[in-house]
Amino acid sequence: MTAIRVGLIGAGWMGRAHAAAFENAVRIFGPDPARLEIAAVADVSEAAARDFADRFGVSRHTTDWRSLVSDPAIDVIDITTPNDVHPEIALAAIAAGKHVYCEKPMANTAAEARAMNEAAKAAGVTTLVGFNYLCSPIQAYARQLVESGALGDIFHFRGTFDNDYMVERDFPFTWRTDARAAGRAGALGDMASHVLSLAHYLVGEVIEVSGARQILHQRRNDAAGRERLVENDDLAHFICRFSNGASGYLEASRIGTGRKLYLSYEIQGTDGALIFDQERMNELLFYRRTDDRAERGYKRVLVAPEHPDYRAFFGLQGNPLGYNDLKIIEARRLIEAVALGKHWVADFDFGYRVDRVVEAALVSADEQRWVKVEEIA
Amino acid sequence: MTAIRVGLIGAGWMGRAHAAAFENAVRIFGPDPARLEIAAVADVSEAAARDFADRFGVSRHTTDWRSLVSDPAIDVIDITTPNDVHPEIALAAIAAGKHVYCEKPMANTAAEARAMNEAAKAAGVTTLVGFNYLCSPIQAYARQLVESGALGDIFHFRGTFDNDYMVERDFPFTWRTDARAAGRAGALGDMASHVLSLAHYLVGEVIEVSGARQILHQRRNDAAGRERLVENDDLAHFICRFSNGASGYLEASRIGTGRKLYLSYEIQGTDGALIFDQERMNELLFYRRTDDRAERGYKRVLVAPEHPDYRAFFGLQGNPLGYNDLKIIEARRLIEAVALGKHWVADFDFGYRVDRVVEAALVSADEQRWVKVEEIA
Amino acid sequence: MTAIRVGLIGAGWMGRAHAAAFENAVRIFGPDPARLEIAAVADVSEAAARDFADRFGVSRHTTDWRSLVSDPAIDVIDITTPNDVHPEIALAAIAAGKHVYCEKPMANTAAEARAMNEAAKAAGVTTLVGFNYLCSPIQAYARQLVESGALGDIFHFRGTFDNDYMVERDFPFTWRTDARAAGRAGALGDMASHVLSLAHYLVGEVIEVSGARQILHQRRNDAAGRERLVENDDLAHFICRFSNGASGYLEASRIGTGRKLYLSYEIQGTDGALIFDQERMNELLFYRRTDDRAERGYKRVLVAPEHPDYRAFFGLQGNPLGYNDLKIIEARRLIEAVALGKHWVADFDFGYRVDRVVEAALVSADEQRWVKVEEIA
Amino acid sequence: MTAIRVGLIGAGWMGRAHAAAFENAVRIFGPDPARLEIAAVADVSEAAARDFADRFGVSRHTTDWRSLVSDPAIDVIDITTPNDVHPEIALAAIAAGKHVYCEKPMANTAAEARAMNEAAKAAGVTTLVGFNYLCSPIQAYARQLVESGALGDIFHFRGTFDNDYMVERDFPFTWRTDARAAGRAGALGDMASHVLSLAHYLVGEVIEVSGARQILHQRRNDAAGRERLVENDDLAHFICRFSNGASGYLEASRIGTGRKLYLSYEIQGTDGALIFDQERMNELLFYRRTDDRAERGYKRVLVAPEHPDYRAFFGLQGNPLGYNDLKIIEARRLIEAVALGKHWVADFDFGYRVDRVVEAALVSADEQRWVKVEEIA
């Protein structure tokens, strides 16, 4: 069993989720062709780094992330820090010839994402962005259906990502509502990127958008009790066109009253259609227009051993996977990419293209006009 | 356009529902081969009979139902009275050579139902029992699926009819809780008969049962405020065997907390399965075991023009039919049976066989043992 | 019992639906304060008019609609003709002092709808537009919830009307795809108007839109087998703002693969939310943000006697109403409006405001820009 | 951090699932009060034991399970072997003073389960049976609702456990269809025990049953291609009475066409009701009869931080847990029981009571009569 040595930067909740996924990946998928081993962990907080090292049996911890980037014994830099420092770390890692696994969004601006992507391409390193929802067996199956032609020509897409934790008036001002840390795109940057990743994965690229943004509660108190102005959108939505001519609608909202993890889509094609909702992540609704007329209807397909990756977990159809299982599959994608050169769709190029649409939507909303994605750097 | 002349006995809510259905049947299905015309109406209440006659433009009303039975100008006697007088009226009508349309249950005892059935057979008159739920296009489609072999061999059935209006502690004692009027079988007689009608229509005959009954609130106040002992079951259920060897479970409950019109079934066969719920009466869930493994799942089929009778209402799939539309289709069945001799499944023989299972369940519950339906008269 | 005498113009499917609803309205709601009586029927086809008269027992039929308008014995002109002749008939009827019941959309252009509305206001006649989906008890209940403040401040709306009969490549060119008869707005005019009627009824007026339109199959053969260019949209959608500041998205599609009668909405407010789908027209999903945290979730409320109009049909919660029942309730609204002066929300002013948004969406799509509804005549 | 030293017997799929859960329990719940450490693993197959030891970093492996039982360094014996050897191992472990964690069912006969239970009680050791479905936060919440009185008096229960892998004609004869290995109760022993565990957890004890069993395909080929007679039931079901007077229906089927993990229940009480389905394991449907009449309906509650154990996984409502997460929570229950003496409901006494009802159902089906559970040893 070969070990891929990871330098993990950011010892918070997401960093721990990565570490647990690394361990579970070998339990679920077996030891071949390699396992992920955290060689060192870095965090701005020494205590956090130390605690992480203790908990996961990591032999080395530091507050200096650069020491990981420059460590020749490290193969992959894994970035789970706040968004605003993604670019600096990634660029340094790429410059040092490391493969990079970066949480989404890659950056708070498309220009930064483009720079990261171009640097990675030039350096020839492997990259992977943490669009974990793409890693679901049910999405892999959806893509198989699309590629098989079961939907015919896709001409329409609707997608949402609604949750409602910030509809509460007294939810505090945090880094998420602070443009410096989270970017000018709020729900748009954080959540629409997930919907876009599904749209790009299943339909194709968005090339033009007309959107709007909304802040429900203009003021929130921060942890210290000071009233602060919310600096980015609670809800963003846009209509769009895809490169294949399909029309689309996308929405992201952290104030989506009643919705909890409503990462949903509906894809309509000339021969079939799909409906999905992450709250019921183990189900895909599938409609075949080509069925006998008396028998047409949406079929609820539960995740099954015939769908990619599921059999590693369970031998019988319908055993529910959970959120954490998606990160395990993502770790598997990283192993395959680094050890076998097997490309996973969600690389920096993919991430950059998502970020570019996010920014096009931002400009469209601010300037109240249709924006072509190619206008964006 | 030929008129079938009906003598309607019982001018209450159900009588009015029949009359409205007679009128609408010609609107929906057209005038051929005949229309139903109420020639006379009878009710124990002169006022009710008169009001009914006024409302529906019926030229003759009476408190003497026998005068309808003896009227040579009347073709069909329609019985919508309380259950306990069904047999007397039906037997008189049959003796007079009338066709008989009788609300369910035919009678409060299987012996009476048998007598009605035998008399009708001997007289060669047409009979129809008001199992309106069988008249739904979606049930006709379900039966087509069964008959086509799409389910393979059916080996298991589960069915319920739950509503919850009597779970309320203060719901009054009425004729329904009075054994003299409603029979000793409460929910069992009133509601299980509907489930049984679906089971017999789609699976086959129940031949053996082991059941139990329950009264939730032993005492209720009648309209006059007197406390009365509830005389029949609030909930009845039984496991059973069908003539084809299938196993089954049936339940009826007027205390089914949370359920409103939960007339439901699940039918499992070697090649497919069906799920239905009357609260969503325009949907049939259909599973094909023979689908490609990756694609197996329950399909939600909305009622469609390809299903029997629906096209008379609507040209596009998915326009909801309502409860009253089922009575319209039932009226159509009556017209076809009387004018064309086209047999409808829910005749007196069918009704008797249902009542016999109800009584077998009653005996089984009372004697706490398996009862063969053939034990019942 | 007073009769309101109706002159019905257009003896097709919708005309018959009105006539049946008139008859059933008195069965369901009783004879007070009045019943609707069709005094005469007109159709361009003499045969159609005669057949209609025979079927519904109407004493007079004609091919000259003007003779109905000028008939002093007629109270209400009921217009169920193709859309393009609505304005001429309605204006003539109003000029003659008749009340007008007109199918939706009122007209193919907002300018015509405005003229109709202004004429009706000036004449002081009662008007009603056939937005039948508004007549559902479940929508009346939804509106009660909104008005009670149960949703708090509404800040977001999503609505669709998808069906899929025209996704079929070989569905023919008909009057619906012909701009002269159906207008330049295809699905937009025919179907978005229904979504807009719900949006205006439950949320408020749309004041600004940015939209797009799509034709899936550019060419279809007409009944004569000639290839024709489809002249209006198969799918239209737009983002919008409401007068109260809420954001919205609306879509209409006759190519909505897999959807049959997906007239749906989701309404999000600061304290609650609603979800509805006409395929399950007897259910409203209702979320209260103010519930105990452990217990928050969407509740499925079945139509009930406590909701407006339902008790006239049924005494127990959950008995399904069907599509035709909505027309019966609409007839009841007409009776109340004419006989009692009880205003129903869907009058010509309401219809005009809907048509204006439709036209704003049309302009927005054609000119690829945000359009304020007040720009439209 | 204290380690609880486990001797794991049975290195198959379930053994690995336990080992992974032990590791993840500390990741999710933290290191206090103890972690589970596998001190040694035993399997009849030396290769399986060695492979397991390699994979999980276990320092010692053996084919002699007795050496684990006699090892003074081991605190807990974890039994994941085939059912038929559970009793021998468990009794030896108890005799050696070990705590015992045993997969369900405890034994193939109630008499063996009773012996195990009595021995454990006498020895004062901690026991836990692997009814993992009980460990779901949504079940803990269901129990809170029951205990809070939100359902009033529970009077009816329906439960099923259907999957359909053996409806396939060519599914092979395995140890599961072999009475010596799996017992005379097939689906009844393997699957009904899960439904019973939920029924006992949420409603109370079953005291009387009337049941039936069914074998769909009498003959199946074993792996060697020899035709074998199937020796236990594919489907079993029974009506029953609970100690509190409630009525019930339970079913277990490995031929439940269309169902995949349909471990479901409906619980009806005088003031509320619950519906659950393991295919949607993160949802509980909850009905309050005491809601305002206009607003009564089933509410879909997604798993939330306010429900027990969930917050250790996620901070926001609605993030799906998966099947494997339940085993992690079960491991946590074991830690709490051994390290803190905090009793978990699913101990040997609980398991024995479940097994006794299973055997009562077996006798009832074989003898075709009602059987009191107290008749069973």
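Per-chain residue numbering starts at 1, and chain names A, B, C and D are given in the order in which the chains are listed.
Following the convention adopted for this analysis, contacts are C-beta pairs under 8 Å (C-beta built on N, C-alpha and C of every residue); 3 or more make two chains touch, one makes a residue touch a chain.
Keep in mind it's a predicted model, so treat the numbers as computed, not measured.
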Chain at maximum distance from chain D, centres defined as averaged CA atoms: C
Going through B-C, A-B or B-D one by one, find the pair whose contacts repeat those of A-D for over half of the pairs by residue number. B-C
Where are there more C-beta contacts: A-C or C-D? A-C
Using mean CA coordinates as chain centres, what's the gap between chain A and chain C in Å? 42
I'd like the Å distance between the centres of chain B and chain C, where a centre is the mean of that chain's Cα atoms. 36
So, what's the distance in Å between the C-alpha centres of chain D and chain C? 54
Spell out, as numbers or ranges, the residues of chain D touching 2 or more other chains. 298, 302, 317
The residues of chain D that touch chain A in their complex are 16, 19-20, 23-24, 26-27, 31, 55, 163, 165, 260-261, 278-282, 302, 313-314, 316-325
Residues of chain D defined as touching chain B within the complex: 155-156, 158, 164, 167-169, 210-212, 214, 216, 235, 237-239, 241, 247, 249, 251, 253, 255-258, 268-273, 275, 287, 289, 298, 368-370
Per the touch rule above, chain C residues touching chain D in the complex are 141, 144, 286, 293-302, 304-307, 317
